[in-house]
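The structures come next, written out as structure tokens.
The two complexes that follow have chain A in common; it is paired with chain B in the first and with chain C in the second.
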Partner chain A sequence: MSQLMEAKDTFLSLFDEASSDRSGEPGWLRQLRQNAMDRFGEMGLPKATDEAWRETSIKPIVEGTFGRSSSSESALASDYYYKGFDAHQLVFVNGRFNAERSNIGDLPAGVKLTNFADAVTKYGEMVQDYLGRLCDWKERSFAALNTALAGDGYFLHVPKNTVVDRPINVLWISEPGDQAAASFARNILIVEESADVKLVETHIGPQGTTYLTCPVTENFVSANANVDHYVVQDDSTKAFHIGEQCLEQGRDSRFRSHTFTFGASITRNGVFGYLRGENIDSILNGLYVLRGKQHCATFMQMEHIAPHCDSHELYKGVLDEESSGVFRGRIFVHQTAQKTDAKQTNQNLLLTDKAQVMSKPQLEIYADDVKCTHGATTGQLDREALFYLRSRGLRKNEARALLIHAFASDLTERVQIDAIRDKVEELLWERLPRS
Partner chain B sequence: MPSTSETTINEFAQREYQHGFVTDIEQESLPPGLSEDTVRFISAKKNEPEWMLEWRLKAYRHWLTMTEPVWPKVDYPPVDFQAASYYSAPKSDADRPKSLDEVDPKLLETYEKLGIPLREQEMLAGVAVDAVFDSVSVATTFKDKLHDLGIVFCSMSEAIKNHPELVKKYIGSVVPHTDNFYAALNCAVFSDGSFVYIPKGVRCPMELSTYFRINAQNTGQFERTLIVAEEGSHVSYLEGCTAPQRDENQLHAAVVELVAMDNAQIKYSTVQNWYPGDEEGRGGIYNFVTKRGICKGANSKISWTQVETGSAITWKYPSCILQGDNSIGEFYSVALTANRQQADTGTKMIHIGKNTRSTIISKGISAGKGQNTYRGLVKIMKNAEGARNYTQCDSMLIGDKCGAHTFPYIDIRNSTAAAEHEATTSKIGEDQIFYCNQRGLSEEDAVSLIVNGFCKEVLAELPMEFAVEAQKLLGISLEGSVG
Partner chain C sequence: MIEIKNLHASVEEKEILRGINLTIKPGEVHAIMGPNGSGKSTLASVIAGREDFEVTDGSINYFGEDLTEMEPDERAHAGVFLAFQYPVEIPGVSNTYFLRQAVNAMREARGEDELDAKSFLDMVKKRAAEVHMNPDLLKRQVNFGFSGGEKKKNEIFQMAVLDPKLAVLDETDSGLDIDALKVVADGVNALRNENRMILVITHYQRLLEYIVPDFVHVLVDGRIVKSGGKELALELEKEGYAELEAQTANA
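Presenting the complex of A and B:
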């Protein structure tokens, strides 16, 4: 317990250290940060007994001391991670915007794309209006921490009826150097009525380095808008990634999200969705491919507030060696949300006896005219399928790789952007048994 | 939605418990309150040996250190454990109704609908029964038959007196006094219950339910049941009764323990129809039960079947610990909540042995303002090679003010294990009702038909005569003011 207190103090001192950064900020933002930090002070870090954190041990995070990294240079920043990816590029190094490396390029008229710090200066009122509206920092420790320490992130505003043709790639590179560092990216995505945008959030870091990254994105999707959203996480396997996606959708809007988790020693992907208008289509998919002692927890809550909304979630996990996975999803159907069509599926493939998975797909339903289903399966590779492939002359590892790939490709194939799909496939093949 | 079906649904939503009635019986009761003295009093009253009292006191002392669980998805005012009376025994037959004529006709109507024989009706309604009455001799015949086979079937108090070595060995072995708040309370103050011991290789020739029903006794609010099935034996036990049960106690905390050795099979069925409270849920029974079975031996099997239609609050997770290799656990449940009833029920399947299998079929029906929650854990331990689980949770909502929730916990630690979980939520379709209507069925019969079809998989697991009664019970429980 005392360790928890010490860790808390570390973060409190981080807040004090960063006070000079905040001096130029408007009063409301400083107040918000202070409130969030006070709240964090009250809550502290999640305890092992907290229902939401029971399966995820944050001990390594508690034991680590994370400072602030001053370096904004990176060797990894030379390319944009994806091959041949024609996109508006934003690069953040150790949580700071790197204007030199970034290449925002030409955007359609009226689209605002910049870094968070810049947005606070330029579009202060808009930021004030949206910041913290979806992310419930009063309830969740890491959300409070992020709100208090919110470093740089992206700010994207797509005005009404605007289509952004080229995808937007936001690349976070954590290269903390000698000392373990923490970064708290805070992102705001506002897509106005009937607008259309594709966005990729990418997190990488050099292997073997330890750092903590806590990104929070608040997605505001207005009526009839269309958003394709990707998260590709290939952090160092010694790093900690505690992220959160908050989502609010208006009527007739479409939000498709794909989250790919390959890296980090402890990953936690929080997803909090509020479907406020009628006839929404919300798709949230995820794939986690883990090995070693990696741990990935998905924590999702979808709230159906308006009638006639569809939400579909498919999460798949491939767990090798001593890795562990947690899926805790909850579909909450309010009494007002009649004709809801919700489906939640979690499928896991355990490759060894030491890998483990905990799956909790939950339904909480207060409306009677709904179609809600959830399913969870956990199993191993089909022995007959393996035998068949081997009888066709494939080596054991080839056959295994082929079958695992088939299981996972269900999700990689859904990626609409070629460059992203190729990269994700590459990351997947790297992790499959080799012949 | 056509207005007719709306009317029916409204009627369901507002249905009243037609079976409630009050009989004042003078009882030898303890004043409200709970202390070590209460525990000593209960133990002394039952002439229990020293070791039993010690065990109770140990449990009581542990209970003092525990706090009430708050995680279930149920909502009720805090229970004042000092306000309840912990011992009451019916005093005399003098104040009971003399014959069925004195019993609430509504209740008799329900019995009639359930098709319960007259004699049994008298027993259930608490009519003072003549000592030379038929059923007693029937019971004696049964008793002799069981005795010949070496089966022990008696109340817990008798068992403590006559078979202390068996009780000592098994009591608390599956649900220890440290298990949870209500189990600890039960260990300290349990009133009575049943004890069943089936010796090696014996197949119990009858459903123990039959016997139990004829001998329905007031077992009190803290029931404790222990069933031990030795190697190769087989037993089917039915607890409770489809008929509405008379009860003055609001708080119920029962404990059931099952022990199955090699190749043994235990089938435990429950039909619970306690008073659910009025439309606002006032005065209903709180039912906090701990039920757990252990498949100790290889190839053993424990099967739980439950039909839960009563109680204001149900908090119940019949579990199986599958320790023996190739052992099987089953859980079949129908839970119905209407008015303001709340149920948080489900199961736990802990796979420890190799090739262990478990099946969970849960059907939840919510009507009125009822809240129905399935909460189940499937845990497959590291050594449970080849373990297999299949879970299916279906919910049905009747009306738009109720809720149906599903909280599965699936914890897999072995790669050869396979676990599946499926859940669906649906409502009674207008087209289904329309179809039934045009075939000449009334709305009410249509709903009853559809609900029974929905629950068929579970009802089929009940002993036959009870399946028939349970089917009728579901219909009656959903009935509106229409008689």
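Presenting the complex of A and C:
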């Protein structure tokens, strides 16, 4: 218990240290931060007995000390991580916007794309209107921490009927130096009626470094808008990544998200979706490829509030060595959400006897005319398929790699942006066992 | 040449093969017939090197090498091919990609350069034509969603592409309608030549009307109890296995 208290104090003092950063902020924001910090003070960090955290030990985070990194420079910032990716680029280093390395370029008229701090200054009213509307910081410790300590993330507003052709890439680089650092990116994405945008959130850090990154994105997708959303997480395997995507969709809108998790020692991907209008299409896909003692937990909650909405989730895991995975998904169909078509699938491939996974897709249905299914499978490589491939001349490691790749390619193939698909393919091949 | 001598093999400590003797020379087609549970598919599996099958006695001499000491992929590199009784579905892998990996693995093992994409496709199309296979099969995922007939055709097609020295066809005819059977048999016949050894394992005499073997062996209870020419198949068709099984039981 005392350790939890100490850890809490670490974050409380982080808040105090940052007070000078906040001095120029508007009163409403300072108040929001203070309220969120007070709430965090009441809740503390998640305990091992909390249902939502039962399978995810945050002990290493509790035991760590995380300061604030002053550096906004990184050697990794010299390229944009992807090859040949023609995108509007925003770069953050250790949670700070790096204007020099960023290359936002020309955007269609009316599109607002900037960093959080700048948005507070320039578009204060809009930020006030949206910030914290979807992210339930009163209920979740890390969401409260993020709200209190919200540092640089992106702010994107795409006006009605506007199509942003080139994708937007937001690259967070954590390179804390000697001292482990914590960063709390807070992102707001507002896509107005019939607008269209593709956005990539990318998280990287040098191997071997320890840091804590807690990004939160609030996605507001208005009627008939279309959003392709990607998260590529390739953090240091000693880092901790506790992230959250909050989503609200209006009628006839489409949101397709793809979350790729390769890095971090402990990853938690929270997804909280609210389907508020009719005829929404929401597709959430995820792939986690883990080895060593990596842990990745997906915690998802989708609420169907209006009729005729589809939500399809496909999450796959490849777990090697002593890694572990958790999938907890819950689709909640309100009584008003007739004709819901919801499908939640979690499939895991365990490559060793020591890898483990806990999968629990759940449905909670209060409407009577719906089509809802969920399923989870966990298995090992098919021995007969391995023999089949070897009998055709493929060596054992080639046969294994081919089968693992086939399992995962289901998700990599859905990526619509070539540079992103090439990168996740590359990361996948890199991680396939060679022995 | 493959020379199987006094081969004993077990699965989960249960002895299935109990002293098989069989020699196949280049250019020959041998058929093995036998009732269910006689060990036909076990023999095919042992030749191809399937795990779980333990050779407890005897030997398989394959061009001077001990086949039983080789990994399944090494056997493939040495020219052994097994057409599976139940070809495996591999969703997510295209037939083209799979075959190219296989062809290049073989070439690498022989110290040859990889085939580039174009030469590979040219070769594959040529082979597809030789065995009358629809090249559209190439675009599909390996056996995924294939009908029973398509799966068996795909095996013969792979055999044509991989050009083995020894092909073992494990009940390739089972469950096929007559049209599919003819396609499969025509494919195999097109691949017969003076260098290739073919071992056809079947439950039904009908296949042997289309693939006419040089030798027929009857396998009962893990042993070859009778060998002869192609006429032996007809004899079996008339009399059935019952008498042979009875003789074995008394022996």
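Here is the rule we use: the second predicted complex is superposed on the first by the 434 of 435 C-alpha atoms of A that agree within 3 Å, B and C clash if a C-alpha of one lies under 4 Å from a C-alpha of the other, contacts with A are read in each partner's own complex, and residues count from 1 in each chain.
The rule is simple: a contact is a pair of C-beta atoms (placed from the backbone, for glycine too) under 8 Å apart; a residue touches a chain by one contact, two chains touch by 3 or more.
Bear in mind the structure is a predicted one, so any value in this text is a computation, not a measurement.
Visitor: Do chain B and chain C fit side by side on chain A after the overlay, or clash?
Guide: fit
Visitor: Taking the superposition as given, does A:Glu384 touch the first partner, chain B, the second, chain C, both, or neither?
Guide: Second partner only, chain C.
Visitor: Which angle, to the nearest 10 degrees, do you get at the Cα centre of chain A between the Cα centres of chain B and chain C?
Guide: About 70 degrees between chain B and chain C, seen from chain A.
Visitor: Taking the superposition on A as described, I'd like to know which of chain B and chain C A:Met358 touches: first, second, both or neither.
Guide: first
Visitor: Once the shared chain is lined up, is A:Lys371 touching chain B (first), chain C (second), both, or neither of them?
Guide: Only chain B is touched by A:Lys371; chain C is not.
Visitor: Which holds for A:Glu51: it touches chain B only (first), chain C only (second), both, or neither?
Guide: first
Visitor: For A:Gly105, select first, second, both or neither according to whether it touches chain B, chain C, the two together, or no partner.
Guide: Neither partner.
Visitor: Could you figure out whether chain B or chain C reaches more residues of chain A?
Guide: Looking at chain B versus chain C, the one contacting more residues of chain A is B.
Visitor: Once chain A of both complexes is superposed, is A:Gln335 in touch with chain B (first), chain C (second), both, or neither?
Guide: first
Visitor: Kindly classify A:Leu350 by the partners it touches after superposition: chain B alone (first), chain C alone (second), both, or neither?
Guide: Touch partner of A:Leu350: chain B, not chain C.
Visitor: Between chain B and chain C, once the two complexes are placed on the common chain, what is the minimum CA to CA distance in Å?
Guide: Between chain B and chain C, the shortest C-alpha distance works out to 14 Å.
Visitor: Of the residues on chain A, which ones does chain B touch that chain C also touches?
Guide: none
Visitor: Can you name the residues of chain A that touch chain B in the complex?
Guide: Against chain B, the touching part of chain A is residues 51, 335, 338, 348, 350-353, 355-380.
Visitor: Applying the document's contact rule, which stretches of chain B touch chain A when the two form their complex?
Guide: Touching chain A: residues 71, 382, 395, 397-427 of chain B.
Visitor: What residues on chain C touch chain A, complex-wise?
Guide: Touch residues, chain C against chain A: 48-51, 71-73, 75-77, 81-82, 84, 87-88, 90-93, 98, 101-103, 105-106, 109, 158, 162.
Visitor: In the complex formed with chain C, which residues of chain A make contact?
Guide: It is residues 382-385, 387-396, 398-399, 402-403, 405-407, 409-410 of chain A that touch chain C.
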